């Protein structure tokens, strides 16, 4: 019987697709286009600084470094808001007990609620990545360090990272009673992978003699350094994100099954 | 009575787990700062000289502290402290209880917003007081006066983050969406905050960005005068008052 | 076979024994009163019966199913109305009932027919397509009851169902429960601290005091044993003896 519940899953998906993903998608596309218009208008010295700081070359690369942050942010926080609505709010407003008294396992309940949220985040990230591919086109060509495939692939890698982190976020969200405590945890989780890039900006000396570590950790610029390998890296990242997300959700289901309703 | 209500609300919020988490975030920013500013690369120093017209190494610290740490933290804290104002109370049925007392929805909104501002102030000033002695030892040319002057102005940007989140909360009245919208708007303002420094031609346009007002002391590190502190504070006070007034207007006829 | 069978059920939270070695049984088709003061352990017991909370020790069976190992099967055959709950404000009553019906895998047509009959039963047809956020306490409680009955349950567990209802709403609810029991053979576990409701509705009761079972049996027998003229006297006598 648990194998079916098709209609229930559809209803959960329909409730998940509300204003949050729609607003995220529209704002996300607007941000990609706005960034593409803004960066070329910045003084040459500013863009030259970013090239120097992030070890990249060309206006296209400067543009992409900024676009990736936008994709990562929108895909992640769209999902974080959705997860808080799906998981924390029912606990806060006392509707969880009634829902869990129905013949549906906690695992099925969790998956039905979390799945559409992750899917919506993925759609936001994918659409933003495709638009990034479009806006970066004028900066590609002979002598350029960036490519459309690299831009889209890198956008997808950031989307995959956002979805993976959202899956990890499920576990703490199942334990907190305040949605905004959850938001703070989400913020910490989101910003942590950006620290190595900040270190490159202000303390590049810490990476001296540690090129491999730098290439691995400095998210964003590293994808531009290896633009030609991005298609392969995208496939690997998607596979890792898929397996990692699945693992995190299985762990989340276990935690949920053991969580007491009090 | 109102002052006591405010005080009790502040005290209750200070005891919440999310406030402790926020304090942890602030503490991390304080501890990481000496590491980040210890050995700045030459291209960063020369870029900062171009933007802020000073080669004082202290500017590097102030820039990183304000842009990387405080701007990001006030963005998230504004939403965390005020992003569900009145929505949560309404969902959990508390609002009916609270509004049954001799307090109007508008004054309740204002009291809760001011309480959130007070909590923000405690966390924010606390972080600066903790950072000052720690950074003074590791940053050459650390100037306590400029640091706290910058803090005083930027604190009102932090209040703006709270007030805006409170306004968006009562405008949208859907918690997840309100939180997301506040976060996006504040992130956009933070992202554009330094545009006036990067490109002097955009300085006038930046005037309307409350976060830019909050960082304006960075442009006067070498010639700081009282006006450089008081003027942006006055502007931010005005903006925050308008934002709160809009919120109070919105909830004036709120029905439970 | 008993409809509900509880054997030395215990739940401990830290140093607090919320439910302490409780044993009783409920017969099929009866309306069974479950009484006790606030915090006596009634809600925790109901949660354990649905598998929402794990017992620390002891066991319970509902319609022959173990509440820990077969909680899904228990929930499939039960209806539950919590003491304190909120309905999703953004949904209409009909949407919410369809949502709950989908959790039982009911076909949309069958669900709609069932929902229609429940809306009629509780007299809320005209409000079916209004958002739940605007519902009064009584209307909310009716939707709460409708969701508990959506699966035509064989057992209904009701936690303080009359609190918040006006006298008319309370009377209607008690009538509905009598009908469910007499016409459809539904077993009702009626948990309440409103003793007059229990006296009106139930023949047999179990009483909890500070997590312990202090009485179990027919109300009239208990009254005789404790020389009590009414339920209030009976309960006070039980509580004093337990203290």
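Per-chain residue numbering starts at 1, and chain names A, B and C are given in the order in which the chains are listed.
Keep this in mind: a residue touches a chain if its C-beta (ideal position, glycine included) is under 8 Å from a C-beta of that chain, and two chains touch if they have at least 3 such contacts.
All of these numbers come straight from a predicted model, not from anything done at the bench.
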{"item": "Most centrally placed chain, judged by C-alpha centres", "value": "A"}
{"item": "Most heavily contacting chain pair (counted by C-beta pairs in contact)", "value": "A-B"}
{"item": "Interchain centroid distance [CA atoms averaged], subunit B/subunit C, Å", "value": "49"}
{"item": "Separation of subunit A from subunit C, taking each centre as the mean of its C-alpha atoms, in whole Å", "value": "44"}
{"item": "Euclidean distance of C-alpha centroids - subunit A vs subunit B, Å", "value": "25"}
{"item": "Touching two or more other chains - residue numbers and ranges from subunit C", "value": "86"}
{"item": "Residue list for subunit B, restricted to those that touch at least two other chains", "value": "91-92"}
{"item": "Subunit A, residues touching no fewer than two other chains", "value": "93-94"}
{"item": "Subunit C to subunit A touching residues, read off their complex", "value": "13, 47, 50, 52-54, 72-73, 75-76, 78, 80-82, 84-88, 91, 98-100, 102-105, 108, 144, 147, 151"}
{"item": "Subunit A to subunit B touching residues, read off their complex", "value": "18-20, 23-24, 27, 31, 41-43, 45-46, 49, 52-53, 73-74, 77-78, 81-82, 84-85, 89, 92-94, 176, 178-181, 183-185, 187-188, 191, 198-199, 201-205"}
{"item": "Residues on subunit A engaged by subunit C in the complex (per definition of touch)", "value": "1-2, 4-5, 7-8, 10-11, 15, 93-95, 97-105, 260-262"}
{"item": "Parts of subunit B lying in touch with subunit A, wherever the complex brings them together", "value": "16-18, 21-22, 25, 35-41, 43-44, 47, 50, 64, 68, 72, 76, 79-81, 83-84, 88, 91-92, 174-177, 179-181, 183-184, 187-188, 198-199"}
